[in-house]
Each structure stands twice: as structure tokens, then as C-alpha cells.
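Dropping a structure here in C-alpha cells format, bear with me for questions.
Chain naming follows the written order as A, B and C, and within any one chain the residues start at number 1.
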Amino acid sequence: MLEVKEITVGYGEKPVLKELSFRIPEGTVLALIGPNGSGKTTFIRAASGIIPLQKGSIRVEGHDLHKMNSQEVARAIAVVPQARSIPPAFCVEEVVALGRTPYLNWLGKLSDHDQMIVDRVLEQTDLAAMRDRNVAELSGGEQQRLFLARALAQEAPLLLLDEPTTHLDLQYQVNLMQRVYRLAHPSNAELAAGIKARTVVVTIHDLNLLSRYTDLVALLVDGRLVEMGAPAEVLRPDLLSRTYHLALDVIKDASGYTLVTPADDPTDL
Amino acid sequence: MKSFITKICALLLLVVLLSSCAVPAGESGTSKISLVDGLERPVALEKPAARIVSLAPSITEILFAIGAGDQVVGRDSFSNYPEEALAIQDVGGSMGSYSYEMIASLEPDLVLAGEINTPEQVKSLEDLGLTVYYLSNPENLQALDEVLAAAGTLTGHEKEAGELAASLNERINAVLSAVAKAEAQPLVFYELDATDPAKPWTPGPGSYMDELIQAAGGRNVGSVLQSSWAEISIEELMVQNPDIILLGDSNYGITVEQVATRTGWENLTAVTEGNVFAFNDDLVSRPGPRMVDGLEELAKIIHPELYK
Amino acid sequence: MNKKNRLQPYLITTLILLAALVLSFAVGSVFISPRTMIDVLFSAVRGEASALDPNGVYLKIITDLRIPHAVLLMLAGAALAGSGGAYQGLFRNPLADPYLIGVSSGAGLGAVAAMMIQWPYTTLGLMVVPAAAFAGGILTVLLVAQLARVGKTVPTTNLILAGVAASAFASALTSALMINSTGELRRALVWMMGGSTQTGWGPVWGILPYMVVGLCGLVIIGHPLNVLQFGDEQAQQLGIRVQRVRWYTIAIATLSTAAAVAYTGIIGFLGLVVPHIVRLVWGGDYRRLIPVSMLGGAGLLLLMDVIARSVIAPQEIPVGIITALLGGPFFLWILKRSKSQNYW
């Protein structure tokens, strides 16, 4: 569904992503991990059309991103940015409605169909009860959920989430990742109601949420794809220790999910 | 061929429209009074003006001086001489714009504008259907005659205007011949504004004051400057060291005593010898008959020995 | 927002505008009673002379002075308030006003430079100063946009910096010209302080084409500005062509403001304060903010002009002085009274 072919992306002389290639099928959650500066955010920006590709191509459902205008890109790819500062003049419903922008004309008038999508997304993200609340009154987790809702309103088959769990309390982190997983793997009831499975790429720092909520993990180091596969395959102690310059252990919890933890005695500096 | 004809017609139409935009000439043949004003506009009146609005203080003074004071029904805010002018309806002008409503409601048959008025103001009055005559400032003292003559013709006081012009010329010549006998020409500094005492404003070449000082038998410190009014530094002033200092800003409260307290001024000869005098700037800044009063005042101050 | 609420801002500002128009016609240096005015106007419509106005002076005052003056100021007020709101949205900056990127300093320089020359007293000669102001404003913004350009984009920070630099330069040149002139100094000062210097219908027809284009163009920019509040990146990710919106907004705002300034001089504060007042009362949705600001700006400028013309009649204070004197404290009062926490 998403095909990244030998892309080189950079700001000026130095490329940040170097001949990156991978493919993921529909209905999967891909986690992009790697140390700071490895190019995770740059990938999101390149894939959403913000930065031009110096080399290579990106295809979504077979269509070349380079050949699409910004409106077409917005209908194919939706980005959920980090919820840092939201302009306070909006209420929840208005922000979600902005997600319909790729389908609206300059005057921004919502059709009945647009309104229906907005209502459905508000339900889907449990924001319906707060639809008239001003965004400044929301908690961090609710704000992140709001950005997710806006992206869902775009009805784009590919979702890119940029570090969505950073700065969130644990319950919100888990909550968000659960939703993300369900977006790629809708329940039978949801499928019957007409909700389609989406493809999701998440950049994430916290390695311990990966094996529960993602299907594929791609490890980026210094702009290159070092390893890609199921969480268990990529979360190997030797690979991770080398990457993060820290002795790490990988253990399995009671349900069989992989967890990563420092290997050394924490009191020994 | 058809489109060529269309283009020619359009061009002709454009020419006709543009030429009709030009200000139409007055009908000089049928009117009794017909003059061309300072903006090169032909102005025509059936008979001498009976209801006049004056937009400048100098014009108000001229009108009263030639005996047309009774014919003035409106005047600008700054017109304060003679005293009778104060009783006439004020039409605005202190903040740069006049009340056209007020002027129109006075139903004047002539509006006299001066060089302090902008072309837009003349146009606005014209658009209201009023007759406007733009009275340019006289280039020098001698040219006052023409201004007085124009005012006389417009108001039906040609005789008084002529007599006034003649008497003014007599007085001017009296001063000129008197000061011609003087032995020296004292250096005079005329202060327009000294809000910054280190850089006071003074009139330079081309200004009335410059001309008047010379006619009164003196030399103007400001004649070394480039424009008709400019700042001069206190250092330059100290080098020039004028014999006489005239305070043209005395109308705004500046006194002779204050001058001595200014840094650097206390060393000037004029200050130490007590030759600092207040001067009524209205006499020399308004291009009218009072300029001759100003000339005589100046002569008395500059050459007191000739007027004992 | 239910249906009733959606119309309320338009109703209120339209009412203010109508009240201001009535006041504008009724008030002036010359007192014309309502009865006289109605009689004069109705007689004119019937093609007769009014008994109360035998020489037609009142009719002249109303149709040649008050009505065109009011129309001119309405257009100017709408242009300034609408442009101010649009710039506040475009630059995401509460201090933005229509003069942010140099249109006023450029217009001032053009006007003052034109005043230094004695043009012939003809229709064309009398149009030179406003035409020079208009051209000066537009050319300055073009220059600023060119200076701020980075490839095909024109970043907002660069625009503001280039605008400040260009304004300072133009102001310095203007001051130099003014100081060097002796006769025209007062005329230049009066122009800079804002308020119409020409009367009659000429100015209205002169700027009408630009105003129609500019005002209509401003009204439709609301939705893209809303999206832009989240930043250039997110806006683009939502499908907005950011650079196109930016160029369009600057073009349309500059056109309206330059047209306003050409005949009304530099009226400050209105373009800054009116959008803020509208925002405080009815929220920051630009689809509503801009048209409502335009209506409000038109009405408020008319009211300020009534004050300027009547407070020390027959003296007419340049209206820019009144907007500055009243604008600031009025805005502070509204800000204090507002209960809205989440304002900007």
C-alpha cells in the first residue's frame, strides 16, 4: 500500500534519509524507531509532501506522491502531529471539521456528507460529548486524540503519526496506541458499519508499546533502514544495544509481549 | 476594416472625453471683471464681490486695508488682524482643513485662497459651485502693488488699493533712502524657533525676512544657508556673532531674559550688549501691507541712529 | 453555533453602520434639521427646489459633501479593518495591522514626493498625489515581497522584517522631503495624519474598482486563514496551498489598503483594533471575522469622523488623530470587560 523506493531526503547539502526503501501492505501498523536524528520526523515530512525528495519516489496505493497536488496528497495521507500548541479560538468540533478541508472549496462550507463524517469521527474518538468545548480546556491526552480525530476526518487511507505518545501520561499513551491499532484492525462490528481498515505509520520512542500495538517495526539509524520486521524480530538485544549504545535486555511479559530494559545494574554508573 | 473603424472611434471618444475633463474657461466676454489667478485659472465676476470668504490671514489683512472689510463674511481661524476680523464667521483651517459646509452656507460670491491653500482645497470649493481666486504671494516687497491691485479689482476698491500701494511705496522708499546713508550694515539674526537652542531656525535666502532685513539696512545671518528657512548651529552663530538678535517667536512666549540663560548664547555680543529684541512675527510672515510696518520697525531697530 | 447566533454579528454591525450613516449625514459644521434634510432630499428626488432651501445650499452640502464623504470613509473603514483582520490571520500575530508590510510608508512617500512638485491645475494634475500614494504603497509591498522571497516561498518572518526595514527607509525619505520643503510641510503633515483631503464624488469613483475587487476578495479568505492558524506545515498537510493563499491575501489586502490610503491618508489603529474587538465578542473564526470586521470598521470610522468634524467645529480634526486617541482606550475597556479566557 505504501511503497518507499530509495528515497534520499535532506535540507541542503547533507541528506538526512539515505536511499531508504520499504513497503508495507494495507491494514498494518508500522512503527518507525531509532535514535534522535535518525530521520523519523524527516520521513513523515517527506511522505506528507512538506519536503521534496532529492532522489527516489513514494507511492501510496500505487499513485506517485510527486505527481499529486497538495489537495490530492491530503486525501491520501493524513498526518497527526504532536499536539504542542493549538490556537485557542477553536472548539473541538471546529478542529475536527478542518479535517474535511481537502474536500471543501475556498469558502469552507460543510456539506451534509461532510457533517456526517465529522459526527462519525467524533463518536469514533469518544469526543462527541466535548464537541463544543474550547480546545484550551482539554487535557494533553484529549488534545492528541483531537488531532487524531482531525486526521480521521480526512478519510485518508494512510495515517502518519509523529511521536504521538511523547509528553503524554501513561494511560493516554496506552489509550492512543489502542486506538491506533484498532484503526488498522477494525472490529467486525466496525467493518459492518462501513469503517475501513487504515494503514498507519507511527514514529515512537517508547519501545515497550511496540509489540502490543504494532505489526511491523522499522529501525532507522542515521537515515538508513537497518532492520525491518515483526516486533520480535527487530527488538533484539544485540541490535538494540548497538543502536542505543547501551546494554539492553529483551524480556517477554506474561502475555508474551516483548519488553526492553537496561541490562546493567542501574546503580552501577 | 470594421475593427479599425471601431478603434478610431474609440480613440476619438477618448480624446473628446479627456478634453472635456479640462477645467472650462470662464466666459470673459460677458462679465465685467475678468482676471487670471495664481493657478492660471481664468476667474470672472459680474460685479465686484459683495460676500467674500478669506482663507488666509494675509488676505484678510489686505481686504481690510483696502477698505473691503465690510464685504468679508467668512475668514480662516488664524485671521486675527485687524480686531474687526475676529467678529467675522470662522470657517476653520487651524488643522489644515476648512469646513466646506460652513463656507458653502455663507453663500459667498468670491473665495480668496492664498499660497497656504492646496490645489485640492481650491478644487473642492470649485466643485461646490463657488468662484475661487488664488492670490499668489508677492515675490518681493515691490510686487505688493500687483496683489493689492488684484484685490482692488475683485472687490471694487481699485481706488483705495491704488492709494494704498502708492503710500506703501512712499514709505518703502523713505526707508531705503534713509538706510542708504548708514555707515555700516549690522548683522542681524532673526530667530524663528529655538526649541532646541543648539540649533535654532532662521530664515534664509529667498524668504521675505531676508529681503526685509536687507532693505532695512542690515545683513541677515541666515543668508549663508541653503534654503529659505533652515537650522543654524549655535557654533556657527557664535562665529557669525550677530550685532542684533530679533525674537520672532516672542508671539509664542519667548522672552529676552530667557535668551541669556541658553548655553553658549551668553557669550554673543548681542546678548552682552543688550541688543536682543522681541519682534511681532505676524508683521513679516503675512505677505500684506503690514510688511511695510515690519520694514519700518526693523529699520528703527537696526539703525536707531537714523531715527532719533 | 445555532442559526440565530450566526446572524447576530452581521445584524449588530449592520445596525451600527446604519446608525453611523444617519449621524454622518445629520451632523456637520452647518446645522441642518432633520425636517429640512428630509424635505430637501424628497424635493430633489421629485426634481423641484425645496422651500426650506431656496438657494440649494443645503442640497449641495448634503449631496456634494456629506454623502460622498460618508461613502469614501465607509469603503476605507471596511478596507482597513478587513485587511487588518486578514493580516492578523495570515501572520498569526495579534499586532498585525494593514500597514505591516510597508503599504502606508510607501504611500506616504509617494504622496509627499508628489506634493513637492507644482502640478498644473487640471483634472489629471489633481489626481497626481492620490495616484502617487496608491502607486507608492503597491510598489513598496512588491519590493518587500521580493526582498522576503526564498525561492518560490515567502516566509512570514522575512516579510515582517523586510516590511519593517522598508517602512523605516520610506519614512526617513519622507521626513527628509518634508523638512526640506517649506511651503508643503503643512500639507504633507495633514495628509499623513489621515482624513480625506479631497471632497465630492471624484475620490469615490477613483477608488471604486479597486475597492470592489479588494473587499470582495477579502471576504472569501476566511476558511484558508482558519486552517493556517495551525501553522504552515499542518495547513499544507490538510491540503491548503500555503504560498498561494499568502500571495493572494497580500495582494488583495494591499490593493484595498492602498486604495483607501490614496484619498484618506494614513488612518491608524482602526485596522488593528476592530478585528480584535470582533474577535473578543464573536470569536476568531475568520470566515466570520473578516466580513464582520469590514462592517464594523466602516461604521466605526464613520462615527470617529463625526466626532472629528463636530467636536470643535468649524475646525475639522484629521480623523487619524481621533482613531488613535479613542482606539486604544476603547480596546482596553473591551478587553477588561471580556470574560473570554481563550481569546488569541
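Simple rule for what comes next: a contact is a pair of C-beta atoms (placed from the backbone, for glycine too) under 8 Å apart; a residue touches a chain by one contact, two chains touch by 3 or more.
Keep in mind it's a predicted model, so treat the numbers as computed, not measured.
Taken as a contact graph, the chains are arranged in an open line, each linked only to its neighbours along the path. Nearest to the overall CA centre, using the mean of each chain's CA atoms, is chain C. Inter-chain centre distance (subunit A to subunit C, centres taken as mean C-alpha positions): 46 Å. Averaged C-alpha coordinates give centres for subunit B and subunit C that are 36 Å from one another.
Distance between subunit A and subunit B, defined via averaged C-alpha coordinates, is recorded as 79 Å. Taken in their complex, subunit C has these residues touching subunit A: 92, 220-224, 226-227, 229-230, 233-234, 236-241, 279, 283-285, 287, 341-344.
Against subunit B, in their complex, subunit C makes its touches with residues 28-30, 55, 57-58, 60-61, 64-66, 119-126, 129, 180, 182-183, 186-187, 189-190, 195, 197-200, 202, 309, 313-318.
Those residues of subunit B that touch subunit C in the shared complex are 21-23, 39-41, 77, 90-102, 104-105, 107, 115-116, 118-120, 122-124, 127-129, 227-229.
Across the interface of their complex, subunit C is touched by residues 45, 48-50, 69-71, 73-75, 77-79, 81, 86-90, 94, 98-99, 101-102, 104, 106-108, 134-137, 154 of subunit A.
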